[in-house]
């Protein structure tokens, strides 16, 4: 099985880190390809960047010649997932909804620790339109920028732990890492806080694998019907879905 | 006062029609400039086109050298409005929320008549994230494409009237035209159906004029704080807002 | 265009102040007539007064012999707006919903600063039944009575600013003046707090002007159908609506 | 125990009918006094009448010299209940919320059969602000006016039964009589439809008796705090509550 | 009239206390029989115990040979009420919904003071599925276990009063005792806090009496239709409902 | 990895069928053990059976001596999942929420086809308390009993297809099999209806595998804290969780 993991920003360093986390989470037979769009924003921390990023990611998906069995959209709270579903037949899993989907299986209410305060409203919209906001106990911003997360890891971890403590006090008993750039920090938070912490990238990889193995593809009977303007466009997304055995 | 009306698709013909409606609705002292993005989609009838369109419109707004007192986003149910608010200081009014805002002042519940069935889900998201879905009685698609609306006007009007009747039967006592390309058809529907019909383009122009005349600008204290990546970018959007007398 | 602005209480001094704010907000061609009911309550700060006030305002509207192009109901959070819509053909705009309608165009979430703690629940009901509560970040009472607002303006402004700060801390990035008697204080709050502040009276005048200029009248196809008991009653509200040019 | 049952309209005939139903539902030791306001509307079938009625009922309550142990507000979907709670210390029970409160104890979802189509929106508001709309399966109007209900009882019963059937098909397994003027028709509907049918007048009497017997009075710690303008007014509502034994 | 009050746990001491409160609340002609299940849990303070308790209570109801006119389920926030309604024809009233039903008649928002923090989520579910969560201002746990409530009554009362104060500060103007084991403490809290305090056991008895006296039984037209597996089972629940005069 | 799949009813034949579907969905290294409770109900099609079943399943889980890495609760819409989470440290996945979690990744709104009409309300509660009801387009009952599903497979398939068609017409673009006994019929429905169809048993197995492989366990920081009454009980659930390699 081949999964395309798309970083929503143009930072190749972050793509590499996301790819590592995705690969660590994947089944032995899964091949993960991590990419970033060739244009767009270096980081997405608010509505403006999110909308630019959405188009850049969709452009990447529409022009990728290679075909994949599933796509992970690795931008927490970013826009575009329903557009990718309209474009593609293979499953598309956004890390925002993936993290929420697993969090509610191991906790009663989840909290989200994220980066900039300007990112919070977009995450709220993303959870609400995904229909999974009902069990979110809150979102806390650490005020550490996406690209600074890996600068001083101790400071990052301390900020996430502080945010996590506030969320637990507010009723969360599970946490979600609210940025693809935090991928891999879940275990450190779990140790510090004693609650399950979900990394959306790993969660999305696992959900993609599950959907592919169960043979499920994106519905073309509703709003994800392929748009007319792509009708005559050649390419992998349409009609090329072929479920691949796990050991492929 | 100068208002920039941005068609969300690249169809110059539709831009012209939207501009005419906007000008007809504007106060004597208002100058309306209607534009379309230089790239993007020829029409937006679903999530994929909507996300491409959002970035194209934001790109247009970020690179327009001239300054305006307010911006109308003329794509019904399309994405991007919160991004434009982050980019700009001047008021940004989306025709979706503008239509709903006026409709609930003259009717108890409003219905939306729109184009393609694939557009419905995006309109639902747009009304929900705008916080104005509570008084929407339903959305009906006519199955007439955005670019075909003006092809056979009798057929278009008949389809809108049929959709309007269904919505009234479902509890609506006011209607909203669910596509910028329908601008100008409100009066015909009013005559046929006997309920107020709101055209979002005209509504948005009026709301822009109201906000500018009252001296209101977009809040920069929350998620519409300007993104860092535009910090050093010159241009009209930042700091250039100057309320203009109506008779300017 | 002629707009009737109805103070919801019997205080002539407040009527005068509201009228001044309404006139300052109006277009050059608009004539504003501000009135108060001949009976009712001297101020409305809770459910009991609100219901008395609603009937007194409706009585005033039903017996006014002169006709107007639109009506502003200038009681924040007070009852009666749907009754006035049933009675009249011309647009009726309540300052509560008007303020919310403009606030969500320039801010992501709005807060309301009001007078007595007993007024809060009525404002919540009013926003909820108007369908615009979804983006309200909270309501703060200053504990200054309606009729004391203008007694010590420095104290009033200080209390409103303190309430506004709490609301901003709670997630608001725009504010709404939660009492018609606060009309005119929006600019002082804007200067102090750096967020847009909406005065419902000014907002309602602008919305009335917009609706009249666009030729919209109140729907008579749903719950605003005129009640039978007024069927044979002569008077301006029924059938006399005549859109007036802006420069009339 | 003495319960004041207030018809919301001025029709003495309906007051008598409501009083009979209330007395039939009351405990042996309860004395029911049924009254109507001395001014207001002959029937309430929409927002306008409802607001007039609310003030007339509050006026009656504020000027009644005799004291009672509880008040039933016998107008289905009509306004005013929170105002009466602000005015009085004794329990105030509105037949709308009373009917819903009992209906959800014997059915999973309840439907409401009411009179004029214009009454539906007010009932929706009343259930929503009471916080009991979540289990309402729908509201059906019979198009029989309040004052015509008793004109041709067979026609009335047939219309109510037809409306009830539609509601059951829409998911209701219990019904509520949506007009005080329907009081007494519950048994006939039960026989015809085989589901429990709640009469709000009887339900409200029973709830008043329960509250009085348990010694509960209206909270004065929140929005039902007595308004200042009634501070110096003499009368039964303030401080005169005295729980009376059932056999008084 | 005969009412069966079922303690949800196996503690005979608590059954006796609940029975005393129920009898004190009942009408002269009502006979209260208080029982506990013969198996299950000694106290229910979380989901696990609640589900065990639900089955034990249903087992008790299905095997009780004597017949009753109504059933009170005396476990605050515990599961099972809809199952009992499916099993029985007579009215079934859960103390959770009973307390909420009366609380919203005398207060604008109610708060719940309960025992263990683990009980809060179940109470939230119970209020939500009952459709009465909309007016709940919050739930506070005292961290006193169900079986310790009567150990040191002063400590219990102090904890409940402290929790009540927090809830009032959070917007409650009425309180609900969130555990059957607190029955009887309502008066002490009322004296200390000055707001109405509802005891669910007393409330449920009064609601049962009301339903029986009005001749209402559980609907068998929806999800409370008797399950097939009990079709051939003899016993009181089916078909034996006989309304009994109050003075029986 | 070892997964315990618990049929919620006592039908060994259904356990075998569920086990087969679970095994077909599982990864090569996963060992599935399917069991049914030793007491309870032969099928669960309403609230009463669901509550009995919940206790029987919890009893089974509390007394199973063998330990597992995760538990699938294979009763669609049945109660008990939060109780199992309180009891166990290992992940517990209910097929109701599992099906919804995957369905919203491949469709915009999902519909549920289920068995008896009496089962619908319980499914609604289950989706609502799981926080995933927002994207459910409806639930349709086929009126085929749980134990009759496999009697005449053609009739069952036809009924499911008819129900699915209604749901698609009502806005669903994906379906969920609303009964564990339907496991395996997803492919037939997909072929007939052209939309993705999710089988909750397969979905739950995949989600269990994902959680175990990511090392996640049930939070013990909130309402899933282990109940005191199990404090001294020996057994696998507590402290025995040991993540097992996929190839174990």
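Letters A, B, C, D, E and F name the chains as they come in the text, with residue numbers starting at 1 for each one.
By our rule, a contact is a pair of C-beta atoms (placed from the backbone, for glycine too) under 8 Å apart; a residue touches a chain by one contact, two chains touch by 3 or more.
Predicted model, so just to flag it, every value in this text is computed and none were measured.
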Count the touching C-beta pairs: is D-E or E-F ahead? D-E
Most distant chain from subunit B by Cα centroid: E
Just send me the rotation angle from a CA overlay of subunit A on subunit E, rounded to the nearest 5 degrees. 120
Interface copy of B-C among D-E, E-F or A-B, judged by whether over half of the contact pairs recur: D-E
Interchain centroid distance [CA atoms averaged], subunit B/subunit D, Å: 45
Whole-Å gap separating subunit C and subunit D, where each centre is the average of the chain's CA atoms: 30
Taking each chain's mean CA coordinate, subunit B and subunit E are separated, in whole Å, by 53
In subunit C, the residues touching two or more other chains are 82, 85, 108, 121, 222-224
Draw the chains as points, connect those that touch, then say whether the picture is a line, ring, star, complete or other. ring
Output the ring sequence of chains, start subunit E, direction subunit F. E, F, A, B, C, D
Counting only contacts in the complex, subunit C reaches subunit D at residues 41-43, 45-52, 54-56, 58-59, 79-80, 82-87, 117-118, 120-122, 125, 128-129, 145, 222-225, 227-230
Sort out for me which residues of subunit B touch subunit C in the complex. 25, 27-28, 82, 91-93, 97, 101-102, 104-109, 130-135, 168, 171-174, 187, 194-196, 198-199, 202-203, 206-207, 209-211, 213-224, 246-247
